[in-house]
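The following block contains the structure, expressed as structure tokens.
Letters are used for the chains, namely A, B, C and D, taken in the order the chains are written, and counting of residues starts over at 1 for each.
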Amino acid sequence: MSAKARLYAIMEKAEEGDRLSRVFDICIVTLIVFNVTMVILETVKGMKEVYGGFVDIFEAVCVLVFTAEYMLRIWCCTADAKFARPIKGRLAFMLTPLAMIDLIAIFPYYVFLLVTVPPNYTLPLRLLRLFRLLKVGRYSHSMRLFGGVIWQKRQELYIVALALMLLLVIVSSLMYFVEHHAQPEAFSSIPKTMWWGIVTLTTVGYGDVFPITPLGKFLGALIAVLGVGMFALPAGILSSGFVEAMQDSDRDHKCPHCGKEIRNPK
Amino acid sequence: MSAKARLYAIMEKAEEGDRLSRVFDICIVTLIVFNVTMVILETVKGMKEVYGGFVDIFEAVCVLVFTAEYMLRIWCCTADAKFARPIKGRLAFMLTPLAMIDLIAIFPYYVFLLVTVPPNYTLPLRLLRLFRLLKVGRYSHSMRLFGGVIWQKRQELYIVALALMLLLVIVSSLMYFVEHHAQPEAFSSIPKTMWWGIVTLTTVGYGDVFPITPLGKFLGALIAVLGVGMFALPAGILSSGFVEAMQDSDRDHKCPHCGKEIRNPK
Amino acid sequence: MSAKARLYAIMEKAEEGDRLSRVFDICIVTLIVFNVTMVILETVKGMKEVYGGFVDIFEAVCVLVFTAEYMLRIWCCTADAKFARPIKGRLAFMLTPLAMIDLIAIFPYYVFLLVTVPPNYTLPLRLLRLFRLLKVGRYSHSMRLFGGVIWQKRQELYIVALALMLLLVIVSSLMYFVEHHAQPEAFSSIPKTMWWGIVTLTTVGYGDVFPITPLGKFLGALIAVLGVGMFALPAGILSSGFVEAMQDSDRDHKCPHCGKEIRNPK
Amino acid sequence: MSAKARLYAIMEKAEEGDRLSRVFDICIVTLIVFNVTMVILETVKGMKEVYGGFVDIFEAVCVLVFTAEYMLRIWCCTADAKFARPIKGRLAFMLTPLAMIDLIAIFPYYVFLLVTVPPNYTLPLRLLRLFRLLKVGRYSHSMRLFGGVIWQKRQELYIVALALMLLLVIVSSLMYFVEHHAQPEAFSSIPKTMWWGIVTLTTVGYGDVFPITPLGKFLGALIAVLGVGMFALPAGILSSGFVEAMQDSDRDHKCPHCGKEIRNPK
């Protein structure tokens, strides 16, 4: 294997038994976790003042590593048959979602370095660094498993999303009609009543808006009892999808008639 | 096929492979979604003033389309054996729930056009236009699937509804008895205490009413722990019904090796 | 069949095809539902003043019917082999839970009639009439099915109850220790902190008590994420028990090896 | 069996049919439950003043019993092959988690007896006595079953914990960015916004922080609908694990007619 192909193998998800690749993955994930933690803690007032110096150095080191990683990835991506052509292949690679995330994750640092950013854009640019978190998806089996569950249940989730949307519109329109006059501020329009609708149907119930008229309370109670079951459907779908996904990797499936293994009986 | 029969086929739910019918469905659904969105946004103060002209024209166009659709449906419904007779068949068709919804959905526009509506009736009439949303049910596979789940589980839901009603009465009566003296306003009667009961048992918990006496808190805690499991039953029933419904249409119950059917692989 | 035996058959749960018994059941249940609704509505201020006369008459009629029913039950219970002996059998019948409920349900009326009840005891005595609701259990298939589910899952519920108790004690002690100094009123003792614990772990979240210190919030967040899964267990147990109970009456169970029916495979 | 071996058998979890061991277990568990109840009630103001004398005596008796139990355990642990050596074995036994819990549970009493504890350390030391609760784990089948479920599902729970962490960071960062300017106090930093995130996603919804800007509400509603399904996963995992654990011990997988085993009837 050429050095380039070996490097590519290391940087991509670890193969079973490839220890160097595994070590590389763990190092990068650890770095990302620490870096993201720092980005989060930076927003706490007073943090920057005390640990500012360390934070700046650590950020520089991280960006250096991530830049090197990004460069190496672009260089060695031609080892993959899909991106084999020197220019076109590398451009195609750079346009893959994962490579875009890599770029966005280091991008803010260089903007701050090169341009004077207007104060309004400082915070969004800083927060853009949180895209580094998405890099974890490349290495984490858990995240891929999760993404797989959501992808496999996309049809169910889509149907439920439609039904919930419909339910929310009906419920909010009814409530708007009933409570509008008693609370012209909290239930000032149907879109605003939808805030009440979602807060109630997901059972969050902050308590910032709730019906106060007897009819509104009666309707609200009815909606809560009936609607809560509907809004719990995504939870049920994801749960069953997750249980299935975990079982698939564990359980062997056999036909009760011929005894042969069934790969994917779903 | 006669023109009438063809038109009827187009207007009813798209058959597999009938492209014109499918295009018709998508157009109508899109129109409904935009129209309903507008009805909802109209309730936001200031919206009407800015986009009033466009809104009025769009509404007129929509009603025109829906009226034409309604007329055509009545004309060509005789293509169906059920409504074959020219007068009686058409009247029977007009009394079907879906045709009623079609009528209600355009009805308010003509009322506003023909009569001076007293201010008290303006809002209800306007909101009546939201019935257009129910027209989506005619075309949407998701909505029919949902309706099917609820219909199939009607017996379970009915039993649970009875049990929840009973639980609510008992729980609210107990709480009324315990908290009535400490909070004569919030727990002024059993029906009013039921508002607390539902808000607690569905775990919405707005925080507008809650027990304050030690005994009330003890009872409330007990009720919450025991009752929450009961009020989660509709969610569980709908979830399992939905999962079953999705599996029924997806899964082939045949072993890929021997081709025999596998009974009830759940 | 003797008149007594026939009467007993009518008053007990309707056999398949016994129309008279079925009619009797429906009448009594309807009467109970109306009567309980009235007892509930009586607690609403102003109700009594307006409908007082009707309420009193209806109550008298109900008590008369229930008393007659109770008397007849005691008279004809000897038709059952279990209560065959004229005196001892009838006494044994009177001590069964269902007969006790029947007695308690009519008892308050006669107390009010015969004795001057001190004002403190008026409300409890009035509410005692809600025991009439429990009479529904005798006739309702749904209620018996529900009771059956809870009874069948008693072991699971007991285990979970123990675990939740333990969790609650640990969680509340920790929170008490952390938040006690910051909110000496809301978290004044471990029992009082348990109120916070239950309101949080059942996800009701009224918002009357919540941690305000950073450490308290961190601990509270951890507890919420970890504990909510535990407190959802009763809901899961009841749901699965209910689904099983519904399937048991629907589905025939056959052994895949010999094809014979399996009565109760659990 | 030597006296030591018999004592060891009694003190460890009751074998099937060992009545003395069972009685010993029940006595200790009862003592623990009463003692822990007292530790909890002691934190209620006024309790100590009234029942102080009894409390002190009961505490002394409990500590005496627990100390004797601890000593006896150390003495007879050599009956177990694992801890057979007189000194090294006993030291190894003392370092097992259960023995450590036994020690911690009696430790505070002797500290209070021997040293003048500075007021700051009084409360933590007192609460340390709640470790006695963990001693129940040694005897309780329920607690072991629960621990087993969590252990068996550790992989699933770990994956979900990672995904929830990721979701929480993304959701809180977005919300921080959107609401920071409107509510600089409640959404002052990403870690503080995480409090909102957890309170919302677990559907607790205290109502101490919630978005107030239209964009914040829109985002919050989206997050609630999408995220609630994710945060319900631990509940689903624990529920299914618990149901499996209960079925494993209950159900015989044999056809009552032909006696053959039925594989995986789920």
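Operating definition for what follows: a contact is a pair of C-beta atoms (placed from the backbone, for glycine too) under 8 Å apart; a residue touches a chain by one contact, two chains touch by 3 or more.
Just so we're clear, the structure is a prediction, and the values are computed from it rather than from any experiment.
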| item | value |
| --- | --- |
| Those chains which touch chain D and also touch chain B | A, C |
| Farthest chain relative to chain C (centres taken as mean CA coordinates) | A |
| Listed chain pair A-B, A-C or B-D that repeats interface B-C [over half of contact pairs the same by residue number] | A-B |
| Fraction-based call for chain D against chain A, same above half, different below | different |
| Inter-centroid spacing, chain D versus chain C (mean Cα positions, whole Å) | 31 |
| Geometric centre distance via CA averages, chain C-chain A, whole Å | 44 |
| Shared interface positions of chain A, touching two or more other chains | 203-207, 232, 235-237, 240, 256 |
| Overall pattern in which the protein chains touch one another (line/ring/star/complete/other) | complete |
| Complex contact set, residues of chain D against chain A | 155-156, 158-160, 162-163, 166, 169-170, 173, 176-177, 180, 188-192, 200, 203-207, 210, 217, 221, 224-226, 228-230, 232-233, 235-237, 240 |
| Touching residues (chain side chain A, partner chain C) in the complex | 203-207, 256 |
| Sites on chain B touched by chain A in the complex | 36, 40-41, 43-45, 123-124, 127, 130, 133, 136, 140-143, 145-146, 164, 194-195, 198-199, 202-208, 231-232, 234-240, 242-243, 246, 250-251, 255-258, 260, 262, 265 |
